[in-house]
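What follows is a single structure, and I will ask about it in a moment.
Labels run A, B, C and D following the written order; every chain starts at residue 1.
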Amino acid sequence: MKFPGIYEELFYKALRIRLVEERIIELYPSDKIQSPVHLSIGQEAVAVGACQSLKQTDLLFCSYRSHAFYLAKGGHLREMFAELYGKATGCGHGKAGSMHLAAPEVGLMGSSAVVASTIPHAVGAALAAERLKKPQVIVAVFGDGATEEGAYHESLNFAALHKLPIVLLCENNGLAVHSKLEARQAYRITDQAKSYGLPVAYLADGHDVVKVHEVFSGIVGEVRRSRCPHFVEIRTCRYKEHVGPDEDSHAGYRSVEELQAWKSKDPLILNQELVAQYRPVILQEIDDAVEFAERSPWPERSELLSDVV
Amino acid sequence: MKFPGIYEELFYKALRIRLVEERIIELYPSDKIQSPVHLSIGQEAVAVGACQSLKQTDLLFCSYRSHAFYLAKGGHLREMFAELYGKATGCGHGKAGSMHLAAPEVGLMGSSAVVASTIPHAVGAALAAERLKKPQVIVAVFGDGATEEGAYHESLNFAALHKLPIVLLCENNGLAVHSKLEARQAYRITDQAKSYGLPVAYLADGHDVVKVHEVFSGIVGEVRRSRCPHFVEIRTCRYKEHVGPDEDSHAGYRSVEELQAWKSKDPLILNQELVAQYRPVILQEIDDAVEFAERSPWPERSELLSDVV
Amino acid sequence: MALIQARAATDPTLETEVVTYREALFRAMRDALARDPRVIIFGQGVDDHKGTFGSTLGLAQEFGAARVFDTPLAEEGMTGIAIGAALNGLYPIQTHIRSDFVLLAMNQIVNLAAKYKYMFGGRFEVPMLIRMVIGRSWGQGAQHSQSFQSLFAHVPGLTVIMPASAQSILECYPYVIGRHRGPVLAIEHRLMYDLKFRMDEVAEKANGSPLTSRKVRAGNDVTIVATSIMVLEAQRAAEHLARVGGIQCEIIDLNCVSHPDRSLIVESVGRTGKLLVADTSWQAYGVCAEICRIVCEHSPSALKAPVVTLGMQPAPCPTAKSLEDRYYPNLRDLTDAVATLVTGTDHHGIPLPDEHSMADVYKRFKGPF
Amino acid sequence: MALIQARAATDPTLETEVVTYREALFRAMRDALARDPRVIIFGQGVDDHKGTFGSTLGLAQEFGAARVFDTPLAEEGMTGIAIGAALNGLYPIQTHIRSDFVLLAMNQIVNLAAKYKYMFGGRFEVPMLIRMVIGRSWGQGAQHSQSFQSLFAHVPGLTVIMPASAQSILECYPYVIGRHRGPVLAIEHRLMYDLKFRMDEVAEKANGSPLTSRKVRAGNDVTIVATSIMVLEAQRAAEHLARVGGIQCEIIDLNCVSHPDRSLIVESVGRTGKLLVADTSWQAYGVCAEICRIVCEHSPSALKAPVVTLGMQPAPCPTAKSLEDRYYPNLRDLTDAVATLVTGTDHHGIPLPDEHSMADVYKRFKGPF
């Protein structure tokens, strides 16, 4: 597809993710997707802006909240829906579900449902890139909650100590399930990251997809050149409940005003003109992917015990 | 015992520890102490200075390198030697050995051979002090290497978040076994601790026992009053090999000059007058303790399976 | 008493109090807080509007944020903090919404909590309870479905319970919290939270420790030793086989995995000559293995047929429903296995039940996770 | 071949190459680095003047600090880093000077390494080796003495080996590093490092995978299944009993704890009718239990007597020598247990050997730890 400018391109990509998530919400009551879904709605711009400057050979590791990054990094939509449906044609052959999307062919190297557990993987991949002289940039994506885990500290220290070509990207949506930052963290994430000697960038508006892209592309360029680690924190907002297709702003664990404030700045809501323009083609692609998933076979019985060791 | 001043008192206590360690070195070839010993020689002043302002009801948690803290906190010398000998009268009834000294009656709440593992215990004890309104100060003692473990990060965050009455004391001897700081840490310990919002103190000279005491007593007073956590890093030097009774400065993993520089500032070496004055009475106490250990019985066979659950 | 109680899950019409697993947990938690001001409960989400699947709901409001509180994501650190808190006078109850995450705290549990008493010659005690939940169904997948009872039960110093009923919860938890002086791991099953159990009145009367195994059905044809939700599966299979095949299964709820009642098992197998073990985890190096050891060390000659074991398939848990359905033994498999074992032939001709295991429960489950 | 090799520890005078466990490890490490530039070795102290008890000594100098390097104290993080490195083309060898510390990395090992292949439908592989050392003697105590083979072997996706000879090391490690595509845990025993083993020439000829069990002594009176240093203890007991009591023990070195050779065990027990299992860890939920399961599921009727198991006493390890001596089964205990099992009476009258187990080895050991 051709776009008049970078804004439109990034907008398109973010909208595509949003519409995929909305289709999942639509489908969910049918029980065809029997998998806990951690939707990225509200956080699309982070993934799109971050991945824009990455090559397919650059590797990315993320968490269970990976739909946006899977798509932004170039994962196939058909294989994603098939995976959510538990079909043999899914990106994990039906063994992965929503929480473990991966697309090694485009550098999405895995996503894990254990918080913070892929951060060291990214560091290790960066170690391999450095030792094997691969010109890759490696990206670790994680939430604000992940920074509380011990493995996070160990990962940052090692990445900084060995000067590895990695971008550590914290998607700070201010929540871990229903807990606010204040209930969990005595530190500011970027300040703490600085203490390892990492250069840090902080972006207060995760909806500004062009800004995210610019900042990130600067950093990726820098890492590609200097082979040194960088840290980026981007504030963003998850619109839906932690896991599942619903809204839960009524539940009282977070302020409805804050949520509204984020929505009031959201280009995917504000720019209905562009939405109207791109929506049809995206919906077509989604229809096709869903149909692919519907049509696809279940995994063979033999799959149950294959690929274990 | 009466002392003309605080310097003499602290000197005496530090010398006592040194002489105990030296007796262990003497005894070691006899194979009567069948336990890996992590000697505190060179680091005595830290323990003595830190414990001087603590009450018996204040609790302290430390590592396998705990001889100095065991004695400084008030643990009985007889029970220590008996423990090293594996006797039933030892402070751990022969089940603990050198690495797990404890003296709950004076607030030494345990020492563990897994690096960093008692730091969260101290935080938890501080939580209990806070919740149960006990007027205690809790102290966590750990080495520089321990700060690399994930549990360290988790502990600092929680202590700071919940404003617990704890002093986090890092005995930085610049080494973890044979590894230098530079091979392990991308951060400066106090700077990193600051990122949790902890007030920090840094002492470059761990031989200056009066200074250690002054700084520490200020901090302990502050914690007792404010019930808020503090962090202290004290540079010090271990003279002997990591574990065992020998010198190993010839092994090449550290600079002999640096070791010499520390020794050249060591009051326990420099002030031979005071050494000569206090030595006899200390040696008498040590003789008595060793004799106690020698005379003591082995644990009963039934001890093997007691106190398991 | 145990025999009656056991029928609750299959026959909730009996005229005594009916309590869900969740309610039993909630009562145990609430009573603990009410009885002893030293009790605290912490874990991710204990104070939120879901309240650890309902088991701690509203307790933060009732007892205050100082006693029931959320934590950072820091399993190892928080377990260490629990140990330290116990050493200085609190009774900590730590919760994990999935047992899979407890692997992050293995060092504190195995190297510290399990050792603290022994290692210091009995001079310390660390009374504390760690609750963790086994996940299953709705695509929980490889990292949200594991049950690690054998990892803990291998280690002296730990007590491991797997309540298979509300009764077990209401007998064991108050005992653990109020009277037991060491670290206890309670492994709960997410899919039992909504199930109703008939409560037996004598629960409070029980003298001696409830931390042991319990016979929940008497029979002379085969001994089934089971854990957690597999006890309920076994009870269903047993009811069916009694009805259609005249087969009488004896069922032992292992309950306290670390301290099973060896003589109960050995006596039963001595009588039935046939043993089937059904566990929520993998067979190798698990409960299935340990029960075989108990029998082998005591009286292998009692076994009139090879032992049959059922557990998860030897693979990580897949997410696709079609695979997951085969990953766990279902009621048909279990019933067939028992019938084959008892009759000595797989041409036993005994009709098998229709549903796949407790399929209604498993299908109804759609979170919260 | 195996039979001859087995005698090395007891009879090092045989005229073939004699290699210590340490030398075998060193060779395996050096060869791995030399053969494949993607191999890296890291762990605390791998590059220091002690070189992981000699097994990596000088390799940092020879192959450079980029390939053999020290790490921060960060077991969980470093294991995750190993996984990531494997995913991007390196072959990481991670070392732990005590297996006790590996508990800190259980999450990465069990939730990630063991699952990475399956969970993503076979699209990734994580070839890597984690070496860890069991400690014993000289007051190692509760936290420096554990061996966790059963914790790992319980989990599908992991391969767990416990080499009991230099031969096993030189057969298994090159195979693991060069040809196996998944995560492997190698549990070494500190007290074997200095022992000499006779090498068999056919080591290289072995076709098929060496990652399985091996018969190291043939006999018809009793089957002994053992792991690690207990294989050597069993060999000593067997030599003694053959000499003074005319008893012929068959000894199976389990070797690959996660993938034992079931038929080897079942066939042997079928022939001898008697089974003794000797492991380096606790019996409950351990190797002793798993071997019982194998026999029970196959042919319990083969057992002509209750199974005897030997392992650590059900407690944490005490430090006092007087207690530690009783904590581990010694050669007398083992010999007596075998003689009792074979003769069917504890009045067997067979003279027991003098030394307490491999007392010379255990006594000689004074570190480095």
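Assume a contact is a pair of C-beta atoms (placed from the backbone, for glycine too) under 8 Å apart; a residue touches a chain by one contact, two chains touch by 3 or more.
What you see is a predicted model; the values in this text were computed from it and never measured.
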The chains touching both chain B and chain D are A, C
Note, CA centroid farthest from chain C's centroid sits on chain B
So, in whole Å, the Cα centroid of chain A is separated from that of chain C by 36
Here the gap between chain C and chain D, centre to centre from mean Cα coordinates and rounded to Å, is 32
Whole-Å distance, C-alpha centre of chain A to that of chain B, is 46
Among all residues of chain D, those touching at least two other chains are 71-72, 74, 76-77, 100-101, 104, 107, 111, 118-119, 141-143, 156-157, 314-316, 318
Among chain A residues, those touching two or more other chains are 90, 92, 94-96, 100, 112, 114, 148-151, 153-154, 157-158, 161, 184-185, 308
Among line, ring, star, complete and other, the chain contact graph is complete
Chain B contacts chain C in the complex at 59, 61, 90-96, 100, 102, 104, 109-110, 112, 114, 117-129, 131-132, 134, 136, 138, 150-151, 153-155, 157-158, 161, 306-309
Touching chain A in the complex, chain D uses residues 38, 40, 66-67, 71-72, 74, 76-90, 92, 107-108, 111-112, 116-124, 156-157, 159, 182
In their shared complex, chain A is touched by residues of chain B numbered 148-154, 156-158, 160-161, 184-188, 191-192, 194-197
Note: in the complex, chain B contacts chain D through residues 31, 34-36, 86-87, 90, 92, 94-100, 112-116, 145-146, 148-150, 176-179, 183-185, 243-244, 251-253, 298-299, 301, 303-305, 308
Residue positions on chain C within touch of chain A in the complex are 44-45, 48-50, 70-77, 100-101, 104, 138-144, 313-316, 318-323, 326-327, 366-369
